[in-house]
């Protein structure tokens, strides 16, 4: 191998060094969904990333969605759904399908992918170990049925699994205190779990590049007040607003940093965590340095900052 | 309350005492299925029993089946199945349904029931934490498709959950080393898990009273050689033979005692474990005393023995 | 066995369930005396009860008295005693006999009974491990000699024994800081030890049914202010007043609940702890629910409440 | 202070150094009896010695006798005894007195003395924690009544107390498996306990200088075969033979070294353990060096060896 | 041996008892220097003392100087030095020699001496484990070069070694945050380390008897305000003032007691710690009793106090 | 950044993944010497590599040499040396210099470099904690003076430091059992320490590319018997033979794999451990797979194997 190639290899490892050190022993919650969950190459790259995190001492926690697969099964069973403000109205028949698909199909697939990549994943839903306690969401805009809002998270199960180096994979289904199954928005579930675990980071895998500014350019780092301003200014797209709200809630609840990243990039998780440049937008508390202060990032080419 | 009533209460507690002592800290694996899993009253009684075991320091592990529910879903989805020697031939479409129903529907229901009764259950399948490693079963009698035979059990996940006082609830689905989902017979899965955990007891809930002798009377206790003789003599019914085989395998693999009990009796688990008389047939190794030698059971009225 | 009998058995076990759960890992101090300590059947039933508590994870601590046996030995040795306000005046010769009988005779008998019932008891007095530090009681009403009042309790010895699952059996003899042996009232010793251990419950075994109301009926539950009122109203008998005072002190000192129970009922300890109805009077802090809120007890037939 | 006095002080401390190091964390069982238990000055010196051992990290265990005090109490109660081969014939009335005096009087006194000297002693008998399990001794020479021979020692209680830095003080009374109280020879009890604890040393406090040779001179160190020869040669006095037998049994059972020391010398325990010269006779296994090989002792003046 | 000699031995051990108890598990920091570090007999006696402390459960930490040896090596290498206010001006060439001699010569010698005496010493400098963080000392009186003042102490390394019963031996060299080697005054280094370890005692071995009063007599015990008064009154010699300042700083920083002792007395450390009379001057906080209140020292002959 | 650059970054990280996993928690001993210890750029790169190993959970142990620096100091002090078979004859004056330079100069520099790179190093010699016990080497070829051969290694000190995440840096100086300082060959010291720690790997940094075959090409992997054959065939250069012998000894003593690597390559340690190709020659036991079987290395371009 050419000497300069070797130096490059060493440089990549050395660049990753302060991040590996910074995040060792920390919990990173990853909302997994979109293309990254349907494209076979991206799926395998995602599984390898998760296992790598574990290898270097980080505790990844995966929370997944599953809208398209649910739609398909509802269709196969000739069950039709209605939506209110983007939330599926969930009648008992629908809920049964939601749970079956999330907990019985997608969850198991992710577990198998991670296990094939060399990890030891454990899949479960928010009902297990009373992880997510929820109640029916308010009905201002019409009854959503078995759609839940989170009223509490008991992180003991996740902690017990982390202590034994299992990788938790969580389906966003909860039970009410009366035992009713409830459908939870996966972004919100991920955010609440990240808060309860006092996670170092929450990563939301999306099908976009990240948050863009008024000029259409990707913004690499953003404080909470800058994010609020962007929403107020109408710069953030309607589809992105709930995700940004979710970020702000998580930051308010104790999560150190939230990243909206481009799940269509292969190894997005790895690159976001272990390289200077990253692959999306990080949202940080006002006054907090970019990327936890590990490195001073210039605003020059290739560095994080408003590009 | 009348004094004699009080003495009765005390007597029941005192009868339970040596069993509570004997089994404290031990693992009891329970194969849950049949009527006990469909009748609402029996379901709730079962959940309360499981929680009581935990309260008094026993570690219950539930392994469940789900044939009828799978049939219904296959029918709803217009998927037809064929059976070879009582084993469902499992093509990819069928396997997907099997997994969805077992891991996504029944498993979650049992978890909810136990949680409502005051426990903290965690449901998962044999894929999680690589609990059950399997391969496609042999094809002497025709290809069974994704039907698996167990080649190994990694009990770490169950141990980790027990250590934190969670109650494991397991769906009998496994993955091959290539990541293929495989359908496992629930009795066999329960037996293999009991072996790997070096369980004190394996309880098989059935829809019959237990094993009956040539005279049609229930047999309360049976050694392995007596059991083999009964099969050789054609006394055991064809439907019961796989269960008895499963018992013998588990005993051979280190489980201390196996009980075939009548799941139609309310609180069958509780009564079998904590009362002298029990509610089914215990199978013990040759030479081992009945019921672990805790009590000397007379052969008289109401005592365990060939009735 | 008849099916209804089986259901009864299950019901008794299920009734005991919330109590077993509630008290697991908790300390219960039991003042043992009276008929329960002289009748052979009651003695054995008491020992079995204590062992059962240990089996289900409760930490019983026994504190015993011994007045009649001391009287007999004093008589055998031709040593005469005088009493001041119900307290024996204890000269050196008497003290020697008190200590010999309590620590050298009764204590050992109780230890042997518990050990025969399957427990592992350890007997000692308040001198051991400096458990009870006392001083000569005040002499307003004449010198009581070596009668002590408690000035401190060092619970380390009891804690060390509990940690190894031994059952402590304590004779109410203490040493002053100068090493003088002192005779301590057993009820008071039990109360002080219960406080120092932050016990869940203090049970005083007596030779009466419990505290009775003005109508002569047994009162099943009583708040501290109700108890004080009963004394002020002259309803509580003179002989019972010191016991009630002892209850109130213990409640004031951090014990969760105190029970005055009828030691003449076989298995009184078991029935009081594990059945809804109990066998005596519980005294609770003002505002605290009856029976620690485990169950809502109706005031109807068979339920705890003013009968 | 004169410089040479200071050097002397330093020398005593330095001489003690290798012994303190050698014995730290080790268990030393001390049979306490005779003058050392009746003379007030010797009693206090003994208690201080025991506390010093604890201070420097040694775990002392005291086993005491009490013949004279038992005789006195039997006389006060007009109970007469007979002896067979030096063992008291123990009828039920006598046994009650034996237990009362040993466990209820002497034991408590020793506990108080040690506590006054700054230790934290815990007194109990062989019945507690099933420490000594015994049966009635054989009756070749006539029935000895409730005299026991040891059939097993359960050291858990002593270990639990040592782990918390309590000093165990043990009365030589045991229970049979049927719960009968039995009187045990204190030397033998001490030896059996030392074996069960795998003690570093067993010290027998006596009222003689130690074992003397044919020339009437004190022997400072003795191997087991030398000891057997002395008995065979008729050199050992009849009264000393049982003690030497006890030493040989203990050495055979795993105790590292046994010392017969002169309890009439003030601080005998301290001097035997921490000075080169000692105050009695050590008995060691054949081939073992004198005094555990800590120091090479010359045979000259003041050194251990046949004087 | 004569009986009175034995009693003397016992008395020395008994006098040491309360000190051994008091200091067990505590850290004692010893500044080692002067004659005690050059005279062979004193060196060996010092090493034995240190090992004895460890044997009885005290954690000694040695901090050493080395001026004379540094001077010799500088001379051998023809490097000349200048001094400012008693502090060596340390240019790079000098610093290299300082470090080589302290860390590479003297430190290793002390380690070897202690190891030969039966201990297990570990030598290192203030650079190791970032133990001492320093910066260049201020330059009011001219530039001192690589002379450092302590800005922080990280005691983790010392704690880790103590936890494994190693004896730390520390050379007073530190690194700045830029990695520059700095020379630290050994008395000050010892005081700072004692503070960071919250040491029970700081012992400064000197070549004088201790602090003397206006009458020229040795003062055995001194409060901080008395010490300040002595300095104000001009009674303390100029050479002793920095040592007394160091004592006052350490006391102010949390060290319990500081002793200036006569390193020329053999076994000075042992005698100061374990005998009533001691061999120097103790400095205690205002209001604190002499010698930690272990013993009440009369002001009579041979007792601590102004002689 | 260009997408293909990102993929490259991910690939480097993914290539390192199985190695990071394989070596986590393992000990790697590194003999540090030659150019890597004199060139400033290489020194800093080395320190960063060591810190990176620690970050990813590997336990590096550094053993260093120092011949050139010793020569320079001997020259400065006008001390001349003679050599026998490549070993310096070490008289007392020389030994003093050896120890001063190794333990007092080079050791501290390495500690400072590692600390500046973000680690927490602790430097010491083989005398500390009795790490290396040695005796004077045999004198067949003339007296070598204070040159030692290792007779034992006590790894407790290294273990204690590793447990607290310190990085040990060891100077190859030992003490004899009589306390004499002895000079140890650094390669041999490293090998012996690796054996005692049951190290995963021993890395010898040299100033050559590695071991070359008869054709002058670098050999990338070599079994022990192949290595012996190369020596027998006279292919290995005389200067390399002692290093190869050292490798064979270490492999025989339990070290899993030994690597002779080119210390002149920047980040040689990192590249050897975390990339497929490596930068030197690995020597493995006969029958062991190359590189611990983590990856199957083709013999093609860029892969390990005889190039």
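Points to keep in mind about this one:
Order of writing sets the chain letters: A, B, C, D, E and F. Residues in each chain are counted from 1.
Operating definition for what follows: contacts are C-beta pairs under 8 Å (C-beta built on N, C-alpha and C of every residue); 3 or more make two chains touch, one makes a residue touch a chain.
Since the structure is predicted, the reported quantities are computational estimates derived from the model, not experimental observations.
Among the remaining chains, those touching chain C and also chain E are D. Set against the C-alpha centre of chain B, every other chain centre is closer than that of E.
Two chain pairs, C-D and D-E, are weighed by contacting C-beta pairs, with C-D ahead.
Interface chain A/chain B: over half of the residue numbers present appear on both copies, so the contact uses mostly the same residues.
For this pair, chain C with chain F, the centres built from the Cα atoms lie 70 Å apart. Separating the CA-averaged centres of chain D and chain F is a span of 57 Å.
We define each chain's centre as the mean of its Cα atoms; on that basis chain E and chain F are separated by 38 Å.
Contact with two or more other chains is made by no residue of chain C.
If the chains shown are joined wherever they touch, the resulting network closes on itself as one ring, and no chain has more or fewer than two partners.
With the ring opened at chain C and read toward chain D, the chains come in the order C, D, E, F, A, B. Looking at the complex, you find that chain E touches chain F at residues 76-77, 96, 99-105, 107-108, 111-113, 115-116, 120-125, 127-130, 156-157, 160-161, 163-164, 166, 173, 175, 178-179, 181. By the touch rule above, chain D contacts chain E in their complex via residues 1, 3, 6-10, 12-14, 16-17, 20-21, 24, 48, 51-52, 55-57, 118, 265-267, 270-271, 274-275, 277, 279, 302.
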